[in-house]
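Going by the order they are written in, the chains are A, B and C; count residues from 1 in each one.
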Amino acid sequence: MQIAAKEIAHLLGGVLEGDGEALVDHPGKIEEGGAGALTFLANPKYETFAYDTPASVLLAHTDFTPARPVAASALIKVNDVYDAVRVLLGKFNNTMQPSNGISERASVHPFTTLGKGVAVGIFSIVEEESKIGDGTALLPQVYVGKNVEIGRDCIFYPGVKIYDGCKIGDRCVLHANVVIGSDGFGFASQPDGRYSKIPQIGNVVLEDDVEIGANTTIDRATLGSTIIRKGVKLDNLVMVAHNVEIGENTVVAAQAGFAGSTKIGRQCRIGGQAGFVGHITVADGTQVQAQSGVAASVKEPGTALYGSPALPYNNYLRSYAIFKKLPEVFKKIIALEKKLHQK
Amino acid sequence: MQIAAKEIAHLLGGVLEGDGEALVDHPGKIEEGGAGALTFLANPKYETFAYDTPASVLLAHTDFTPARPVAASALIKVNDVYDAVRVLLGKFNNTMQPSNGISERASVHPFTTLGKGVAVGIFSIVEEESKIGDGTALLPQVYVGKNVEIGRDCIFYPGVKIYDGCKIGDRCVLHANVVIGSDGFGFASQPDGRYSKIPQIGNVVLEDDVEIGANTTIDRATLGSTIIRKGVKLDNLVMVAHNVEIGENTVVAAQAGFAGSTKIGRQCRIGGQAGFVGHITVADGTQVQAQSGVAASVKEPGTALYGSPALPYNNYLRSYAIFKKLPEVFKKIIALEKKLHQK
Amino acid sequence: MQIAAKEIAHLLGGVLEGDGEALVDHPGKIEEGGAGALTFLANPKYETFAYDTPASVLLAHTDFTPARPVAASALIKVNDVYDAVRVLLGKFNNTMQPSNGISERASVHPFTTLGKGVAVGIFSIVEEESKIGDGTALLPQVYVGKNVEIGRDCIFYPGVKIYDGCKIGDRCVLHANVVIGSDGFGFASQPDGRYSKIPQIGNVVLEDDVEIGANTTIDRATLGSTIIRKGVKLDNLVMVAHNVEIGENTVVAAQAGFAGSTKIGRQCRIGGQAGFVGHITVADGTQVQAQSGVAASVKEPGTALYGSPALPYNNYLRSYAIFKKLPEVFKKIIALEKKLHQK
């Protein structure tokens, strides 16, 4: 795909300077982009590259006043560089477009309901009584169990596994080897030390516009549903236990984990490798630093937390600042003891 | 399935109050259950729901004396509510019952030994010289390598991968995308900075009644076996390295990890995201708090640990209590220094 | 395979004592090995086993002078026991040798380029425009997307998924259910609280001699490439985010994670469950203790780090030593205050 600078300016509602006919056919990083590249200056610390980048078109913020001429043939100024980049990347995006239609080498049970334009890839399986909405694509080697409901315009990458009875909303994206609906970790300890399995007969519900990273696992509820609300984004290798609920538009970085029955609010931001104990409630807008361990309910919306067990963010940093100098603090105390003893 | 209150009371050895003919056809949460629901009061903090729940049957503890009449048609009192629920959930459980028989679209090598009633799902593979015991079900898209031995009445969910030479006991449950027998992480550093692979020629042995959560990985031994003893339960995304041994009836929460050659005792309880260094021995009944890092052998059975590196549980809490107020502690010291200087 | 002690001594350039005709047919642990076993004494704490092991051949270090006669028929002394073991294990290694050739039940697009001796296992898929070098083996149930380039003599275990456009070097080993090229976790927050996906149009590049553990995930770059340099070894369940670069011969233990755009140097050693924030640069030879959180760039090569956020290794240990006795330190301070008040 080739696109001219003037078309880009028009598309973004930006202001064009330089050659409106300059053509680009791929996006590039500002320090690397060559002829035909569309590049951008979003972070001021890269400004020096702006003057020398041999890219054809440079996007920058409305405020950007070049100290000297830029090398690019055209400069386009926009109000929000990141958002402009997002829009343009979508134009160049052509990864993983699934073929339409049902592969002859897929296995689709006759008692299923498939919408218009549904794609089911090679060696994928859709079990009986499942429903798939219009325009949804299952790439190869996907497994969809019985009585599963999937909305429209979803994309499931290779190796996704959906257990029986789970429900997926519209426009959900599930990356490779995601597991939805595996049994919750529920066992009752017996007098002889063994653990008996507690049957897990609930399901998992993903609402609309949920995206889930590769190899993430979401367990089914013991009873009822594990619920991932509208617009939630989970990164790779995240663990969501049985009966958890994650609120609308909450984002969770990689390798974080949520123990059973915990309820996370809306618009939270959870750092990588953070953990949550079970059976707590976390307020809307909570921000949790990476590797923190949240061990109690969070009542105040917008709280920022850090540490394991987690403290208010600034308190943790202040305590940790003293932790760093504990050896010298300890020396001070010994010196004080000595001095006082001498008096 | 429909079942009457009096039958439930009989099944559980409970005491029935109210309408013995009340029918239930599904279990439900106490705050949600409607007509036909069987619900339960296990945690006293939900007691208020007990009076209003429109469920048909309510299970409660023998000690429960309603402060006012319950809304349910029947109340059944039992000695152990959780265990009663476990038994009843099993009655209603109908998820993931694999079809019997070998799918025509599975690939089963002719030189294999399959017991009675073995199921092998679509696109699953069983390689040569492997043995599968009576009643074991491989769901779709499972891989079983060469010379693998699997006991009876196991269930492997879609995407499970078993490398060559591993041994699985009876009644084991492996959730989706579990990997058993991948190479241990063994490399010998060379003078030029490169790492040469140390061949990993051991295997993995799972004894009977082991359950393993989705996307968990257990590496084969360099030499000998990585061993998961009878009754062990591992949650999702757990890492077990080469030559580790995990003792009978130990339970491990999600995302915990065990480095090479470490030996964990029986009846231990390991929290989520906890880590163990390699080459240590951990006594029976050890309890490790989530996110802790166990860096040394644990000799005393029943020890509780917390922190990274892990300390005795109460010691960690006591130290952390002071850590929280380190900034004010530090101020005290500065004040003392000043005061002493003035004298 | 049977091999005589004298042949082993010759192969390793070692010194033989005892019966050069003693035959071995398998390696064994020193505390277990029986007749026909080749065993080794690498760690002095196992020396007592050396005298009693009924193995046929015992390998030991040149310095080893038996205090009393060893039970083995032959003793071979070498300069580097571990390296000798590595060489010998390779001799006995016969796990997972893939069948040659393209399975009739694989799906290989006609517009692909396959080198000599390429194996593609049952239910594996190679999409259009992909290239696979000589001698590379895809075991069953592997997925290779469009426009993927794979070098020679690689081995991909069952369930590996490679997204479109990624590039893999020579002699790479990818364990079961590894995901390469899933989308980076990039979302732009919108005024109404929703997150819009930023298209991820870059790829992942693995250079030569990379080994990746089971269920590890490496995300594609937003733009450009996520790069894993020559000789890197990643353990299981590791997370590598978009645009990360990991330098030559760096080794990373299980469950560690790297946030977006971070650049790790060469010859680093990263412990299990360690985490790195995004957009930092970590010097060559950095060593990071397990569970540490690296929150800032590391400039000095060879730095050792520990803690979350990470401190210089010894500083963390010194501070943690005082942390352990904080309760008594606090008592000292209270005592000082009291005493000073009395004066």
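Basically, a residue touches a chain if its C-beta (ideal position, glycine included) is under 8 Å from a C-beta of that chain, and two chains touch if they have at least 3 such contacts.
On a predicted model such as this, the values are computed, not experimentally measured, just so you know.
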C-alpha-based rotation, chain A on chain C, 0 to 180 degrees, nearest 5: 120
Interface sides of chain A and chain B: same vs different residues, half threshold: different
Chain centre separation (chain A, chain B; CA means) in Å: 26
Per-residue overlap in chain C, given as positions that touch at least 2 other chains: 123, 141, 159, 177, 215, 237, 255, 273, 291, 308, 323, 329, 333, 336, 340, 343
Residue numbers on chain A that touch chain B, as the complex places them: 107, 123, 125, 141, 143, 145-146, 159, 161, 163-165, 177, 179, 182-183, 185, 187-188, 193-201, 215, 217, 219-220, 222-224, 237, 239, 241, 255, 257, 259, 273, 275, 277, 291, 293, 308-309, 311, 315, 318-319, 321-323, 329, 332-333, 336, 339-340, 343
Chain C - residues contacting chain B, complex: 27-29, 32, 82-83, 85-86, 89-90, 92-96, 105, 122-123, 139-141, 157-159, 173, 175-177, 209, 211, 213-215, 231, 233, 235-237, 248-249, 251, 253-255, 266-267, 272-273, 290-291, 308, 320, 323-327, 329-330, 333, 336-337, 340, 343
